[in-house]
Every structure is written in C-alpha cells, then in structure tokens.
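Alright, structures below, take your time with them.
Same chain, two partners: chain A is paired with chain B first, then with chain C.
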Partner chain A sequence: MGELGRKARLYVLLVRARVRADWQYRTPFVLFTVAQFGITFLDFLLIAVIFQRTPHLEGWSLPEVAFLYGTSGVSFFIGDVFISQVERVGMYVKDGRFDSLLVRPMGTLFQLSTEEFAFRRFGKLVQSTIVLVVATASLDVAWTPGRAGMVALMLTTGAVIFSAIWVAGSAITFFAVDSIEVVNSFTYGGNYATQYPIGVFGPWLRRFITLAVPTAFVNYFPALYVLGRSDTLGLPSWSRFASPGVAVVTVLVAMTAWRVGLRHYRSTGS
Partner chain B sequence: MAVISLQDVSKTFVVRKRAGRLRRSKVEVRAVDGVSLEVDAGELVGYIGPNGAGKSTTIKMLTGILVPSSGVVRVAGVDPQRKRIELTRRIGVVFGQRSQLWWDLPLRDSFDLLRHVYRVPADRHAANLQSFVEMLDMDEFLQTPVRQLSLGQRMRGELTAALLHDPEILYLDEPTIGLDVVSKARVREFLAAVNAERAVTIVLTTHDLADVERLCTRLVVIDRGQVIEDGTVAEIKNRYAGHRTVVVDLEVPGPPLAVPGAEVVKVDGPRQWLRFSRSETTAAAVVSAVVAQATVIDLSVEDPDIEEVVTRIYTGAGDA
Partner chain C sequence: MRLWWEVARRSFRRHSTYRAALFAGVFTNTVFGFLKTYVLIAVYDARDGAPINGFDVTDVVTFSWLAQGFWMLAMQSHLELAERIRTGDVVGDLYRPADLQLWWLSSEAGRIAFQILVRSFVPTVVGGLFFHLRLPTSPAVWIAFAVSVALAMVVGFAHRFIVSLTTFWVLSYMGTSQLAMILIGFFSGMFVPITLFPDWLGTIARWTPYPAMLQLPIEVLLGKATSASELAALFAAQVAWAVVLLAAGRWLLAAAQRKVVVQGG
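This part shows the complex of A and B:
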C-alpha cells in the first residue's frame, strides 16, 4: 500500500470513529441531519418566491438561477462536509487541545478534518444536489460534451475554492482566536453571493467576490459558458475557463496562510 | 548517550498589556531562560518547579510543539522544530489534564486506532497491548467507553496509548494529578517497570514530590526559567538539608535529653526527636550520647523529607 493509500485508509478509519462516536447520541444525530436538510430547502424557497414576482432576475430565468444555486451549494457543501470543520481550530487553541494534535504523526488539517467530521452536514449536500439535478434537467441548453464536462469541472474547482477559503480563513484564528465570525462572513457569505447572478450585486461587492475572495469563479463564470450567456461584467471570455487556475492559487494562498498560522502558534503557544 | 539535549535554550513570549485607553505596551516574558540540559538514554528524570517556572514550556519545546527563541534542542538526534512529525513516532506524551483517547468510544477502539495512526505492525501492537493490559490490569474496562472510566482507569489508558508505538522517550506532564493513593502507586510502579524493562527514557513534571522520591533517578529543578538544581535525589537532599534527625524510643518517658551538637525538637511520651547538623556531629555520636544517658528500646535515623528540601530550594534558603 502506498503512502497515499495508507493516508486514505487512516482518514476513513478516523472519520468512521467520529461518526460512530456521534451515533452514541442517536436522536440528535438523526434530528440534526434532517434539520439541516430542511433548513436549506427554506433557503431555496426564498429564490422561488422572488420568481413569483418576476419571471427574470437580471435576465436570468428560474432554472438558470437554480443552476447557480445548485452548483454553488454542491461545491460549498462538499467543502462544508470535508473541510469546514477546520474552523474549530480556535477552540482547540483556546482549550489547549491543539498541543495534542502536534504530538501525533499527522498533519493538523488532517486531524481537524477527521476529528470534527460531522455526518449531519451531508443533509445540506443532499439538498443542493437535488436542486442541481432538477435545475439542470429543466435548463434550456443544447448539451455538448464540453458543457457537461464544464459542470463537472466547476463543481470540483468550486469545492476546492470554498475549501481553500475555509482553510485560509481559519488560519486567521491562530492570530485572533475569536475571529471565526469574520471568517464565516467569507465562507457562508461566499456561498450566498454565488447563489445569485453576479449582476444583482453592486459594483463594489462584484469586485470583491471576483478578485478578493474569488467565489465568482466557483460558478458564475463557468456557468456563463454552460448556459451560453454573455457576461454583464464584460470580462474577457477566458475568465470562463479560469476557475482551475483560480483554484490552484487559492489553495496555495490557503496552505501558506495555514503554515504561517501554525508557525505563529508554535512560536507563541497561543 | 544523550537522547535529549538542550543547549542554552530560551523561550521568550511577548505579552501585551493595556496601557492607557487604546495603547498597549509589549512586555517580554522569559519563560525559559538559558537552559542547558542533557538526559541520557534510560534515565528517569523528575522535572520540577513552582507554577510558572517554565516546566511545561520546556516540555513543549522537547516535543516540537513550541519552537525555542534561541538555543539548540535535540531529541533522539532530531531537531523537534523541523522534524516534528518524524519525532512524534519516537516519543510518547501524556498530558495529565488532557486526553489522547477517543472520548465516546470503548478504550479498546482508541488502542486500535492508534495502531493505524502510528503504523505499528499488527503483531508488535498485539504483544505490546497484551503486556500493558496485564501490567495495568485493564481487562475489565477495555470495552468501556472512555468517558465512563474513572480517572485512575483513564490514566492507565493514557499511559498505554502513549507507549503502544514503542517510543524511545516518554514525557509525562503531571501524570498523577488528581489520582488516589492506590492509583498513584500503580502508575509509579508501571513507569518504573517501563523504564527498566523497555529502556524508555522518561521525563516527568509533577507537583507530587512522592513521585520524584519513589521514582526518579535524577531531579532537575527549574525556577524563573532557569535550572537551579540538577542531581540525584540523595545529592540534592544532602546539599539542601544539612541536618538529620535521630528518633529514639526510651524505656521511660523523661525530660528532653542533652546531647552535644543535637537539639531535641519534639517529645512525645517516651519518644524524642533529636535534630543534628551533619557538619557538627554524626548519627553515631548522637546515638552513643543518648545511650549513655538513658535506656533505648528502639531508634531510627530520618532524613528530611523531599517536601522540606524542595520548599527550601524554591524559597532559596540554601544550606541550613
């Protein structure tokens, strides 16, 4: 078994241990999973209500906006299920458990993502997947291999971008333990921002989600290609294919931020 | 051969204090201040000091959790700062107030998970586990979830968890804190056995000086970030406690005895305590002076206890 195989096996073992531990408390386990599924549906209902009033939002139809919502949600909640738990690092630093992570032969991100794994988060991922499947089926699009491939690619790169934002944001808590609320405005905020066509936002917010926290690359730009639409921002057409590059950059930024945070912790112990 | 070596190691923290409404002034705190120390393979070292002396900071630098501000640290020939993950496979760590076990799962499951975490060969793991279960008498609670274990049982689990991967060095931060007398004795007995039979080098911090006295071959005392004493328990006792006490049981109770060089510090019926300074007289001389004056049924010579010695060290009393 190779190094990667061993790591994957250990990951599965540790996640299974976590889920088994949570399963000791069955009622909250089931209730939370169902509740998370339900709450996100209410969230989507809001978009449906908007379309009761108007057939188009910035020229986008309901299936098109639902497609944005679905791609954003699937990407976001893949990150939510597998990576978001690293935001709990602040708690670990506060109560001293972070020291225990550092005396084990595993990376800190690896340990946090397994130790804090929460099965209930799958509820939201399932909801987003349903919305995406329904939306995709009702889109008025001439499907080509390129467009289908783009959907798969955007979901993957989107998950990577959201995960990277999560890691980079959590790294800030090494410096300010209670800053997780600020971090969440980037992560959850990024998710909300990508549920709508970018044109509904003002120019300042548009620039922010394109350049600073590049969530527009999660779904908006690649969706333009899939849906065959023109860009209201007037960016060059290559921006529609820039998502993988953006994903690589955000990952590099995230890993650097985490490393800097870790170094700060190891030199200050707090 | 030294498995742990610190050369002139310091650790400075910057603490921000409020100064005025908005301004904050930075204050440098030297938690560890120029510590040099070598620990040989197979030693069992007690690392003690008052609260805030720098014990935990030192342990954290030795485990690679903290990076020293200056100086050189080597553990098992490795720089803990750079090779943290490599080092974790060669050391075991028990933080008395924190758990390495999976809280909601049976104790047994933690041990199985650790086998994969540390990549211990299955046969080696099974042999180790069997031997620790026997030594620590864990059979009856192996299937109990960790959260339901008593503190004593949990500590036995923690010790096992720290040793299953055959570490060369074991660090223990307050391993007996909160334990009852029987559990403490069991932990001490186990550590002594692990040190002797498995040649594990052990460094432990504690506030329980009975741990040190019963267990440690060497005592290192740190205060305000500096090593102020380093030697065997007997050496340090001699250095700090220049006096001993002869306790005699007389046939009939009587007034305090008059012995040159010794002072009766306590009388309890027929029993008297005579304290003398080692530099002035000897136990033999005191005893013969007593025997010349009264009929003695029984006698013993007591050294000052470690509590007393350490109190003197902490308060800087020096030679008495």
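This part shows the complex of A and C:
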C-alpha cells in the first residue's frame, strides 16, 4: 500500500504541476477546451445528419447508434486523458529527452503520462458523457441490474482496451520514430469504427476490429447484450461477455510491446 | 516572380525529405477512407440507393476517397508560421525585403504541390481497387479540376495564414488551430460531403469559405458543374474567398505589426 500510495501522491502532484503550467497560457487553454467540446459536438451532428437521410443504419436506430457513440467516446477519451500522452514518446526519442526519463526512479509510462498530461482533453470526455446520458435515456430498453452493470463494465474495459492500443502503438515509435500517425489510425480510427454497428463495415474490416485490434469488444459486443440485439457476425453469445478477457489480453500485449520497444531503444547520443 | 518560384521549389524539395511521416499520413488517410466509405454505403443501402441532392452512392464513395486524397489542401497540421510566431523566429521573416504573405504562399504552394504529387493518388487508387469509383475521362474536366485545386490551395493557405497570425495575440495556437480544424473538417466536405447535409445546414455551409477548400474541386471532378456558367460560378466563389481571406490576412498582419510583442530572448 505504501508504495502504491506514494505513486498515487506523486501522480497527483505531477499532474497538478502540469495543469498549472498549462494555465499560464490562459486564452488558448480556454479556447482549446471549448474547441474540444465543439469537436465532439460537430462530430455527433454528423451522425444526426446521417439519420436525417435514413431512419435506420444497418437496422440500428439513432438512439442505439448514439449509445454506441457515447460508450465509444467515454472509453476513448478516458484513455485520451490519462494514457494517450505516451504517443509523444517519439519526440522524446528524437530530441534525446528519453534518456532523462530512463535515469529517473519511475517507469517511463508513468513519467510520460504525467509530464504530457493535458487538462484540455477533458472537453471531449464531458461531451461524450453528455451524449451517452441522453442516448441512454432515449433507449427503448427494459433496464435490469445486469444491463446497467454491463454499461459500467463496458466503459471500464473499453477505456482499458483503448489505452492498451495507445501504449502498444506508441511502442512502435521505438522502431520507427515518425510513425505516430499510423498509430492514430488505430486509435482515432478505432474510436470512429466503434461509433457504428460493426455490420456497416466490410467483412475483412469486421474481422480486423474483432480479432486483430479488438475495438469491437469496446462497445459493440457488450452493447448487443444491453440492447438485446442479435449479432450480424453470428458469433456465439458468450462473446458479449468477453470484453474483460479481451482487455486483459490487450494490456499484456501492450506491456510486452512496450518492454520490447524499451529494450530496442538506443540513445541518439546527442 | 523568380523569387517566389525559388521559394516554392525549395519548399517542395524540403518537404520531399520527410518520407516516414509521409507514409504514415497516407496510411491514415487510407484507413479513414475505408471507414467513411462503409458508413456512407450503409446510408445508401438503408435508402435502397435513392440519391441525395443528385449524389448517388458512386458519387459519394468517389467523393470521400478524393477527399481523403486531397485533404492536404485544407488540413491544419502544418502551421510552420504559427510556430515561428510563437518562438519569435518570425522577426527574421519580417526583416526580409519580401512580402511575408507572398513568401508563405509560395512556400506553402511548394509543400502542397509535393503532397499532391505523392499523396493524393494513393487513397484514390486503393479506393478504386476496393470500390467502384466514377472518375471523368474528359481531359477538360481534369483541367478544370486542376484549376479548382489550385484555387482551393490558395483559399486553404489564406485561411491558415489568418489562423497562424492569431498567435501574435494568444501566444499558443493550439486553441485556434483546433477550432479551425473542426470548422474545416465539418464544412469543407471532409467528414461527409456537405451535399448530404439537411438543406438549412447545407446553405450555412455554402456561405462559409470551407467548401472552397475541398468540396468544390471534388464537385468539379465529379462533373457536378454541368454548364460553363455553373463552372464559372464555382470558380468565382473560390476566387472571391481567396481574395477576401488574403485581404483579411494582410489587414491582420498590419495590425499585428503595429502591436507586435515578439517572444524570445
């Protein structure tokens, strides 16, 4: 407990210092937070626009797709606020700052996630939460403790899966420093893909987001249980409850990837 | 004239050296091309293929792959001038006996010319392999498209120039560039063609400069301007926005130079 408590205290301290530093640039800070708010708003308006043109998408109604959008957004932006900073590792490697992380008595992931913490990212999280609440309220679902519990569980496991993708993806930058945008196509792409029912996508893409980069487990499969829908892929019903297991596996893969990346790291020496 | 050509040429060459970032960018554009296309196809499937404002499913699929390919015209990620204002390096630019706006226009023209050359065709080809696209065969349409792309480049630059100049006042351009990115993404046709918007929202979009950066050139390539007068009106809209935004940029630059407090030490 002592060790964990010490880490938690240090985490809060470092994050607070970061937020205070950001606050020095007040106007951009406020503008950015407002902008982040706006991004998700227009983002969601896009789905509203689509539903102006059709009442159903692959048989899913607007509240159901909005539910996917909300759960995807909340999970994704929890990861965005707390973990996505690690993607900046490429810059650290390039300008030599990564060496200084290695000599400090804390893990590199811990240091990156505190040093690059950005409060402004909360804007999107708040907006996704609002969409999720409104969507959930307008769903035509007979709520049971199991279904309500599943919503809480899927948000947690979803955040873990997205965070793991961020870490695993960022580990690639140890091998190819400028490749961070490739990682973004899995993270932001994963966020985009999980806003829609999986049946929308072509068969190979469906298989990819179920088996390779398993974002389908962020919300699609658990949502089938919550909404009482059947799966277009015809996967067995236990897949609806597989998300925690998938989350554990992705974390293990991410930690391994990060460790392999660290071992591969050679200082720029400048 | 010689000077601007040289600036553009050097910028072209400089940007041709960032290969890994280039590959990564193309990869991302292509991945998002698939995601967007599948969603749009699902919309048309749900409507049994009924066209929306004259756009059938092939139009929309072609549109979204071209938008992926030509996104650099409107994209906000490369704000070199803003960074130079933030660091104070802009002082060096202001000392030069050359017009700052034209200098950066030439530099950006070189960068974007390179990007179009190597980036634009990848999403279009991949899209063409996986989906049915409708590209014109008439050389006249391609020439009109090239003109429209050039105008879009100027509009996009003029807008980025204004966004960059705000750094003189707010010192960090993160907020303004993000705000600009939302507006551009939404109203330029990048996220979905603005043709799919409900009429009232489409009208609003048409009154912003953003369609001139991406939507209009793609409409030209899709042959949506069917008569010479329609094409002329479309070009006129792009030219008008280019002039208005360039003028606004000059005015803002003059204001900035009057009050300038340069960061640095």
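We take it that the second predicted complex is superposed on the first by the 264 of 270 C-alpha atoms of A that agree within 3 Å, B and C clash if a C-alpha of one lies under 4 Å from a C-alpha of the other, contacts with A are read in each partner's own complex, and residues count from 1 in each chain.
Note that in this section a contact is a pair of C-beta atoms (placed from the backbone, for glycine too) under 8 Å apart; a residue touches a chain by one contact, two chains touch by 3 or more.
Please read all numbers here as calculations on a predicted model, not as lab measurements.
Per the definitions stated earlier, placing chain B and chain C onto a shared chain A by superposition produces no clash, and the two fit side by side. Using the contact criterion defined above for the overlaid structures, shared-chain residue A:Ser267 touches chain B, although it does not reach chain C. By the touch criterion defined above, A:Arg9 reaches chain B but does not reach chain C.
By the touch criterion defined above, A:Ala21 reaches chain B but does not reach chain C.
Of the two partner chains placed by the overlay, only chain C lies in contact with A:Thr54; chain B stays clear of it. Of the two partner chains placed around the shared chain by superposition, chain B is the only one that A:Arg97 touches, whereas chain C remains out of contact. Touched residues of chain A were counted for both chain B and chain C, and C has more of them.
Looking at the shared chain after the overlay, A:Tyr192 reaches chain C, while chain B stays out of its contact range. Residue contacts after overlaying the shared chain place A:Pro105 against chain B, while chain C stays out of touching range.
After superposing the two complexes on their shared chain, the closest approach between C-alpha atoms of chain B and chain C is 9 Å.
In the superposition on chain A, no chain A position is in contact with chain B in one complex as well as with chain C in the other.
Within the complex formed with chain A, the chain B residues making contact are 13-14, 57, 60, 63-67, 69, 81, 84-86, 88-89, 91, 93, 95, 97-100, 102-105, 109, 113, 116-119, 145. On the chain A side of its complex with chain C, the touching residues are 25, 27-32, 34-36, 38-39, 42-43, 45-46, 49-50, 52-58, 120, 176-182, 184-185, 189, 192-193, 196, 199-202, 205. Note for the complex: chain C touches chain A at residues 18, 20-21, 23-25, 27-28, 31-32, 34-35, 38-39, 42-43, 45-47, 52, 130, 169-176, 178-179, 181-182, 185-186, 191-192, 196-198, 201. Within the complex, the chain A residues that touch chain B are 6, 9-10, 13-14, 17, 20-22, 24, 96-97, 99-100, 102-107, 263, 266-269.
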